[in-house]
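When the chains are written out, they are named A, B and C in that same order, and each has its own residue count from 1.
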Amino acid sequence: MKSFRIAALAGVMAFTAFSSSAMAEDITIGLATAQTGGLAFADQPSLAGFKMAIDEINANGGLGGKYKVTLDVKDTRTDTAATVQAAQELVAAGVKIMITPCDADPSIAAGQISQPAQIPTLTFCGTTPTIPDAVGDYMFGTYPADNGQATLLAEYAIGKGYKNAYILKSPDSAYTLRLPEYFSEVFTKKGGTVQGEGTYTMGQQDFAAEVTKIKALSPQPDVIMTAAYEPDFPAFLKQLRGAGITAPVLGSDGIDSPTTTGLGAIADGIVHTTAGFPVEGSKLAAFYEKFKAATGAAPETVYVATGYEIPYILDAAVKAAGSVDGPALRDALANLKDVEVLTGKVTYAGTNRMPSRDITLVEIEGGARKLLLTATPAPADVPKP
Amino acid sequence: MLEVSGLKVKYGEVEAVKGISLSVPRGSIVVLLGANGAGKSSTLNAIAGLVPATGKVTFEGELLSGQPAEDIVRRGISLTPEGRRVFPSLTVAENLHLGGAAHAAGEVLKGRIEAELERFPILRERYHQKAGLLSGGEQQMLAIARSLMAAPRLLLLDEPSLGLAPLIVDKVFDLITDLRSKGLTILLVEQNAERALEVSDHGFVLQSGQVVLQGTGPELVRSDLVKQAYLSE
Amino acid sequence: MDIFLQQIINAISLGGIYALLALGLAVVFSIVSLINFAHGELMTVAGYGMFFAIAVSLPFPFALAAAVIFACAAALLTERFAFRPMRKADMTGLLLTSFAVSAILRVLFQNGISARSKAVPLPAELSGAIDLGFFHIGIVPLLSIVTTALSLWALTLFLRRTTLGKAMRAAAEDFQVLRLMGIKANRVIAVAFAVSGVLAGVAAVLWIAQRGSVDPLMGFVPVLKAFVAAVIGGLGSLSGAVAGGFALGILEVLFQAFLPEAALPFRDAFVLGFVILILIWRPDGLIPAPVSRRS
């Protein structure tokens, strides 16, 4: 009887040891992202790409070849308080890595929960360059930052010989306010003049008053720059062209959607930044094909691709760190250099954890986009956040 | 024609009508008397289906209890509510039209409107005015005309003389007798007991939701209870 | 001068859309005391109607019809399955129901259609402008002014000439008595919702003509504007809703046009501040609803 007990006990211990060693190779990534509400347009596709990459990585042995990943996905409903709650639950559940929504406020709020727990945290596609510094050394951006996009646009405008620019901004979000301001900064530094600024309220839809003001400018601006996106951008553009103003328009990655090309002839000539453009034969084009084959629908946005890239950035960091230990992973991420992803190369070394990475400029022509250039803005030209 | 038995109406915890039974023979005028809050209006509203009630109401042998107001008027019972309640921003024409729209259409509807304008010449004069601009007496005529647009066989009249000048009150009671002479049966609720009993065949006196006395018009006029409570002598 | 004239046209065009939206709220509120915050989602449904019609290559007029039909059908369905069962609830209960309907519809759009916006391309001819020499007028503002005028005219005709229209006006004043006439309550309420759906559909077409896309959250801003407009006009008053809509549109455009640059970011604060002044001056709105003697 006694020997049976000992045998049983040994068996249980052996089983426990076995399962815990198996567990040691499994890690959980927590996602506190907005699958409903106002940010779902960005977080839903980002998550779709993210999951696909995790499946591929798991099939190849896991992150760094040895850490199989399970995902703990929580919907934050585009509510900052709900994001904090989700982050707290994920930290309590012991996740090793956390992903936050495509926006500064909830990302910073969630980061402030994960930072003291030493959990490396990445925002899906938050573009505000101040996100990492607002939180601390465990917080990372992944997407082309506002100041980088603005730099590329300003350099392009100068290169085209534009002298006078008009900018349209909205104080309602950091993105719609600061991106045009970064543009002004670089454009002025490089010899251009910002002739006027307009302000709008997000969702106001009616730009007639603004447009009438631009119409009254003399001389007419050489270029109009804005970080407005749907529904403001199409409304602005329609009313701008409806008023007979022909100045070229520069925009940011927020208008990288089918709606913009759906505007027809008035969209011709718009130049805007984006995280990546699938030219034939590119990695991105191949990924789009793969995604379509897997899900039956072509990606609606590049966020699918940028979401897909994040696990591969993590993979590179885990390989370099050799572990998923918080501080080690943080250091490995911060020192990453030239990680090849779908849309180019990503570098954290030498940055404030908002990556230095390739940004693409595209022009709309005949209802389609064409690639103008892909470049990483020189760090010296990029305005300080 | 109308048989009511054990009718009860409750508003929340308050029982306004506590088991009333009454009957209205065809071609008669029956009056419900009583002080404010005795349950007279509640009884009419319950018969018309406006307020939920328990008990049994049969009309021409058919059970009415539980049917909504929209259906009861189709069976031939029309209620002219207390306070007239014409639609003030609608014209006289529109008020009359709505009174008959659920019961007739086209030429028949036009014919009924014409008949009401014959009966109430004042409404013809005011035909395109907003009902809210009419005098109290005119509004009362309109309210009755609107009820008659449904071509009812039983008319429930709730305080038709309330707040009207004496001359107009006379007109109202003339109208009531006239309607009966044309074959309409009338169940009347009135504060003006004296006038009401003059025209009525039968009366019921209500107190606190119950029938305390009933009889023919002359019987009631002679009763001490009615004399003391409702007739000023 | 020509700038001023243009801003006036802008103001009328925007005010017209607000007027249609506020009317949609008022038609329902006047009859069932429900402030239907799901009205914005009716617009979204109309937008998806247009999107699907265009996606299956129907000619553009069919897309317009689809917008109105979808919104009308959605209004009737929400009435039948959400608001009718709550008919006995008080105003707060109805309000909460409408929030719930609105939230449920938004999640359905996000997870059933797409969280991303869908392009609703309009024919290119619509984005131009007519040049009158001394000033020009955009085709979209012009069409929206004309459409608003036609819709208001048609609604007036409906309310004045048809039995159902008269019944709706009567119901707003005294619903019980209307039932005494034998007119079915459910029918009148359903018609009120259908009318509000049609108005939402028309407003959605004009709204989308400006923005070129539909997304799950599209209805949020317009329903708020409509609510403000309806309150300015006098909640539950139809002519008040129209007046309130135009007042709000004119205020917004004029503040946007003539506020100093530095104050522009606070435009909405100025507009709402002015709205408060209006309400201090006329607490029941510009054209208050007739107070029904019983409720």
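As a working rule, a residue touches a chain if its C-beta (ideal position, glycine included) is under 8 Å from a C-beta of that chain, and two chains touch if they have at least 3 such contacts.
Everything quoted here is computed from the prediction, not taken from an experiment.
Would you kindly count the fewest steps from chain A to chain B, each step being a jump to a chain that touches the current one?
The fewest touching-chain steps linking chain A to chain B number 2.
If I average the C-alpha coordinates per chain and also across every protein chain shown, which chain's average lies closest to the global one?
If we average C-alpha coordinates per chain, C lands closest to the whole-structure average.
Measuring centre to centre with C-alpha atoms, which chain is farthest from chain C?
B
What whole-number Å value describes the gap between the mean CA coordinates of chain A and chain B?
73
How many Å are there between the centre of chain A and the centre of chain C, using C-alpha atoms for each centre?
Here chain A and chain C have centroids separated by 36 Å.
Provide the C-alpha centroid distance between chain B and chain C, rounded to the nearest whole angstrom.
That gives a centre separation of 42 Å.
Residues of chain B that contact two or more other chains, please.
none
Inside the complex, what are the residues of chain B that reach chain C?
Residues of chain B touching chain C: 48, 50, 68-70, 73-74, 78-79, 81, 83, 85, 87-90, 94-95, 97-103, 132, 146-147, 149-150.
Once bound in the complex, which stretches of chain C touch chain B?
Of all residues in chain C, those touching chain B are 163, 166-167, 169-170, 173-174, 176-185, 290, 293-294.
Touching chain C in the complex: which residues of chain A?
The contact residues of chain A facing chain C are 35-38, 40-41, 43-45, 171, 197-199, 201, 203-206, 208-210, 212-213, 215-216, 230-231, 234-235, 238-239, 241-244, 257-259, 261-266, 300-301.
Can you list the residues on chain C that touch chain A in the complex?
Per the touch definition, chain C meets chain A at residues 3, 6-7, 9-10, 13-14, 106-107, 110-111, 114-122, 124, 127-129, 131, 136, 138-141, 207, 210-213, 215-218, 220-221, 252-253, 256-257, 261, 264-265, 267-268.
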